[in-house]
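Following this message is one structure expressed as structure tokens.
Letters A, B, C and D mark the chains in the order given here, with residues in each chain numbered from 1 onward.
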Amino acid sequence: MTYSIAILGASGYTGAELIRLIAGHSSMKIKALGANSKAGQSIAQVFPHLRYLDLPTLLQIDQIDFANIDLCFCALPHKTSQDVISRLPHDLKIVDLSADFRLRDPEAYEKWYGNPHAAPEIQKEAVYGLTEFYREEIRNARLVAGTGCNAATGQYMLRPLIAGGLIDLDEIILDLKCAVSGAGRSLKENLLHAELSEGYNAYAVGGTHRHLGEFDQEFSSLAGRLVQVQFTPHLVPANRGILATSYVKGDVEDIHNALEKAYKGEPFVTVLPLGEVPGTRHIRGSNFCHIGVVQDRLPGRVIVVGVLDNLTKGSSGQALQNANLMLGIDETEGLMMAPLFP
Amino acid sequence: MTYSIAILGASGYTGAELIRLIAGHSSMKIKALGANSKAGQSIAQVFPHLRYLDLPTLLQIDQIDFANIDLCFCALPHKTSQDVISRLPHDLKIVDLSADFRLRDPEAYEKWYGNPHAAPEIQKEAVYGLTEFYREEIRNARLVAGTGCNAATGQYMLRPLIAGGLIDLDEIILDLKCAVSGAGRSLKENLLHAELSEGYNAYAVGGTHRHLGEFDQEFSSLAGRLVQVQFTPHLVPANRGILATSYVKGDVEDIHNALEKAYKGEPFVTVLPLGEVPGTRHIRGSNFCHIGVVQDRLPGRVIVVGVLDNLTKGSSGQALQNANLMLGIDETEGLMMAPLFP
Amino acid sequence: MTYSIAILGASGYTGAELIRLIAGHSSMKIKALGANSKAGQSIAQVFPHLRYLDLPTLLQIDQIDFANIDLCFCALPHKTSQDVISRLPHDLKIVDLSADFRLRDPEAYEKWYGNPHAAPEIQKEAVYGLTEFYREEIRNARLVAGTGCNAATGQYMLRPLIAGGLIDLDEIILDLKCAVSGAGRSLKENLLHAELSEGYNAYAVGGTHRHLGEFDQEFSSLAGRLVQVQFTPHLVPANRGILATSYVKGDVEDIHNALEKAYKGEPFVTVLPLGEVPGTRHIRGSNFCHIGVVQDRLPGRVIVVGVLDNLTKGSSGQALQNANLMLGIDETEGLMMAPLFP
Amino acid sequence: MTYSIAILGASGYTGAELIRLIAGHSSMKIKALGANSKAGQSIAQVFPHLRYLDLPTLLQIDQIDFANIDLCFCALPHKTSQDVISRLPHDLKIVDLSADFRLRDPEAYEKWYGNPHAAPEIQKEAVYGLTEFYREEIRNARLVAGTGCNAATGQYMLRPLIAGGLIDLDEIILDLKCAVSGAGRSLKENLLHAELSEGYNAYAVGGTHRHLGEFDQEFSSLAGRLVQVQFTPHLVPANRGILATSYVKGDVEDIHNALEKAYKGEPFVTVLPLGEVPGTRHIRGSNFCHIGVVQDRLPGRVIVVGVLDNLTKGSSGQALQNANLMLGIDETEGLMMAPLFP
């Protein structure tokens, strides 16, 4: 069976990544591409690297006929997404890659995003899209909210430790280094090659990054109490990749064991042998997440390092993994490509 | 049916690229990996990005049992390759990625490589591996000699023009810009990040690059007379990609038509609409080659621009394409992955 | 004596480069910085790397009092520049970095820039700013028009050859590779890090780049006949640098001798020993231009390779060199800093 | 007065950086360059970017006549340095850039470097080269031991906080991101462009990096008790720069005030306004260090971010600053060049 797919927001980086992945998928076919700002253009104009594919011309979103669409990916900007999704057919399966449906509490949404939620009713049916931890809910969901790419990275590293009560919940530090495609294709001065190449910096320092809303929601829910991590993202001169370094307090063997147990049998999350650490070059362009655990020289202090590709496992790959579940397809279909190195 | 594959020289970049591609191939299985310098190591030690694959430990080449191998890729350094291949079983199908069997004339080999050929008898059965132009010979070959990555790029751009008598054979200039992985994984000062990032340069200027041996052989053969192009390669701060800019004299319509006709139906070589030019970002990590043609402001002068990924279409992808032919598999199997952008 | 300096267009890359250079100048002091879009901001806000300098707040251009300014650098966009300069005091010494006064023929200007010139009277007094070739005129000029950065590179390589009648004037090819800061600080999709890093491409292919206007003017004037070169620029993933590869026909010894003679005693232009070629890493951040000459394997064909830093020798360094001359200061003052490597 | 200078280890990156800086120094002249591996070569062969300078040919170290040398910089590898220095004239002023004389305790040296110190007598006269904190001792020193580049960064951020008793001494985390030139010009696989560009990773995780020896020595000395920080360095794809993010516990106002007070009047260390953070692009190629302080959302948690150029303020710039003091020259001489941006 072949499923008919629509992608809204097809002209951004996560849209391009969805197309790349679906191009290698055995049972999905892209039937509609929506991108208001580039409607009327062919894929060869918007993404020359995809010109070999037989794809429809980009359309205005309201020109798309969703009658025969089996599943729709929304790769639209925050706020636009809730707007658009609230006007889509209410029985259409949707995987949303924006931040709009990640936070279950409307007040938390307003706190982190600065505006009241425009579709709180729809929010209620959204399932949080961290596949390995919400697999059954996702299988049965109509609307899945893809996680933030940084939020996914930190959760893969820390969820089993928090759930297992293995680390001091008041002393979790997450120092994260993100490549530039995480900021999308928007025209901002700080994203220019001449500004970023050969330069790097921290940003949203002090606990102001929006992905903290997800960390707070998920970690507190796991712990049964308020858990607030310290989180500092950095922008580094690379196109793809997230590497997060977490400083926690606990027993290194317990921590390593808990991670190994949590991801045993998981196709995409790999826990390295104790003492080894991963690099972003090991997962570029793939759906894999690697996690390493090292004992610090100070007793009781442990460093956990995690890497994934922000565009793949951090967003579009995760989205496809969830879509596979929602459609009853093998979860790994279209996602087992090897990382690109060098 | 599944074919058993060996890769010799598995610890270099073309070796890694072969493994990446075969990992997505439906009817090949890697049974042996040879890498003398890293024998005894697991793939996770040599290439952590490939650790998810179920692969054999690296071996000394002479430890490998070739009895059940259907096809062997040799990704060894020049000179080593002829040595090793001359000691392999004489009925083993081999795709060689080195320069050792590209030049049919032993004198040309000695001229460009500085040493007499050690296996001239084997050279005689070698077929030049530029798939689109030697397809039938490759299908029946035992030993295929993969082309130089620069040599492939220039030939895709120029062969139809030379064969068709469409350009001035004495006035062909090929200015080529190659990414650094083309130089392999060897430890040389000029390949260090600190030397190369933010810096670029011409090298082998004046017609001394060894790939000229291939150009001379192939272009002269096509033209039925000696054809010697001017060829200047440059090293640019990127990991993958070749972009060549060719300056020729002829009629732009004739040239564009000849290229379109030559590659009509070809799955991997795309001729852009007249006036459009390609970039390396459009083919990174893929087996595609894009060619653009533009009329210069000076009448009778035409610029042809070609791009491909030196590790894929320029070497390992080409090698797999040829192996598919030699084994009777669909030529595109394992090679239709989309480019990685951004 | 200390000269009072104004810089208009201070918030772009050439503006920042001027400030960097003047910061090390013994007899210039910046008295006014104009930048309409960022008026009211301090230099620390616009360019945090310059925060240690004691500099005035940025102003609207029409807020600046030019009464006590000895020399004004205009680093404004094309078209804006002619507008602004026509309203500046008519006895103010000006070094313009835009394209507005480079072309002496108003028709040539309109042809290449698409609009009629708005200040043809002022154009008449402008001196072309290629220091080494217009030194005396510059010394006495009121208005100097800085050259294009690509135009400077090509002229350093080719002027002595054309002037000396040493090469075939109908067969000059200039294949140029420019770093991204040459495109300025403007917000364009193709200048984003995620688009450009790891990717490179030709642009303005076919003889449409505006710097051809300068080549045509200068080379034809030197030769006493129409000379039209073939010029193809490429954008490469680096922040600073231009490397041009020129293919010419002539005698290699004559060519090398002519270049050596032309630049003997010049502080900033260095001709390498015959057979050596330069790289952009050898001139980054400096005012030097290196030129190499190599005999091709084909008799009578010669390759000339030139490099300079587009922001320094290609624009702001050249501008300061000219300003030094106009003010009677030693020409090299503020310009002898070493290249930054690595 | 002009001082005669020798540089040993002139063919590495810190050697090149010393030459770059001294080229702009008003009262130093390089009289001897030592580099055993490249003895007999000219500077144009070893560092083409320095070819414009009038410099002596590189010599074997034991060929150098130190009789008329006023000060010698040793930019040799660890272990070699102690060997060479113990054989230099015992009244020669020396600034050593290696790790050999940084640790006052020979046992600490052996612990971190794995071998007994070969010149413990000379170690006793060495002064630790963190200029702002050892200024008077340096002025009178014969032998100054340059600090580690990471060690300098962390100390600029933390010394005033530890000395002032303002932070919890048992809870200091330093997550550091270093550019690749910090690893020197050595031929290692992980320093190749193809490995590092587009990839980044943590290394020496768990408290094994040798610069911890310096942190322990200095911080414990300041606090009057054992202080052991957690320190995790990361390698990022850039050529120059260190950015360190420190997580500490204390009052943000006290911390910011203490840093401002400590560096008031210092020419090279700048404390940003509270809440602002620096980037490496703001100090590239300069001798500046920028420090920012931000309150975390969690009360009592503060983030301190520091940046400097590892080759300048982190090693060769620091060395020159110290040499200026030792020779009675103005401390900033040769060091006030602006950062290179973009």
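Things to note:
As a working rule, a residue touches a chain if its C-beta (ideal position, glycine included) is under 8 Å from a C-beta of that chain, and two chains touch if they have at least 3 such contacts.
Here the structure is a predicted model, which means the values were calculated and not measured.
Each chain gets a centre from the mean of its Cα atoms; the one farthest from the centre of chain B is D. C-beta contact counts were set side by side for A-D and B-D; A-D has more.
Chain B and chain D have Cα centroids lying 45 Å from one another.
Centroid to centroid, with C-alpha atoms defining each point, chain C and chain D lie 36 Å apart. Once the centre of each chain is set as its mean CA position, chain A and chain D turn out to be 39 Å apart. In chain C, the positions touching at least two other chains are 13, 181, 194-195, 197-198, 237-240, 278-279, 281, 284, 341-342.
By the touch rule above, chain C contacts chain A in their complex via residues 13, 180-181, 185, 187-189, 191-198, 237-239.
Chain A contributes residues 171, 173, 175, 177, 194-195, 197-203, 205-208, 212, 228, 230, 232, 234, 236-241, 243, 245, 247, 275, 277-281, 284, 292, 294-298, 301, 303, 305, 341-342 to its touches with chain D in the complex. Within the complex formed with chain C, the residues of chain D that make contact are 13, 16, 19-20, 23-24, 47-53, 181, 197-198, 239-240, 270, 278-279, 281-286, 288, 290, 311, 336-342.
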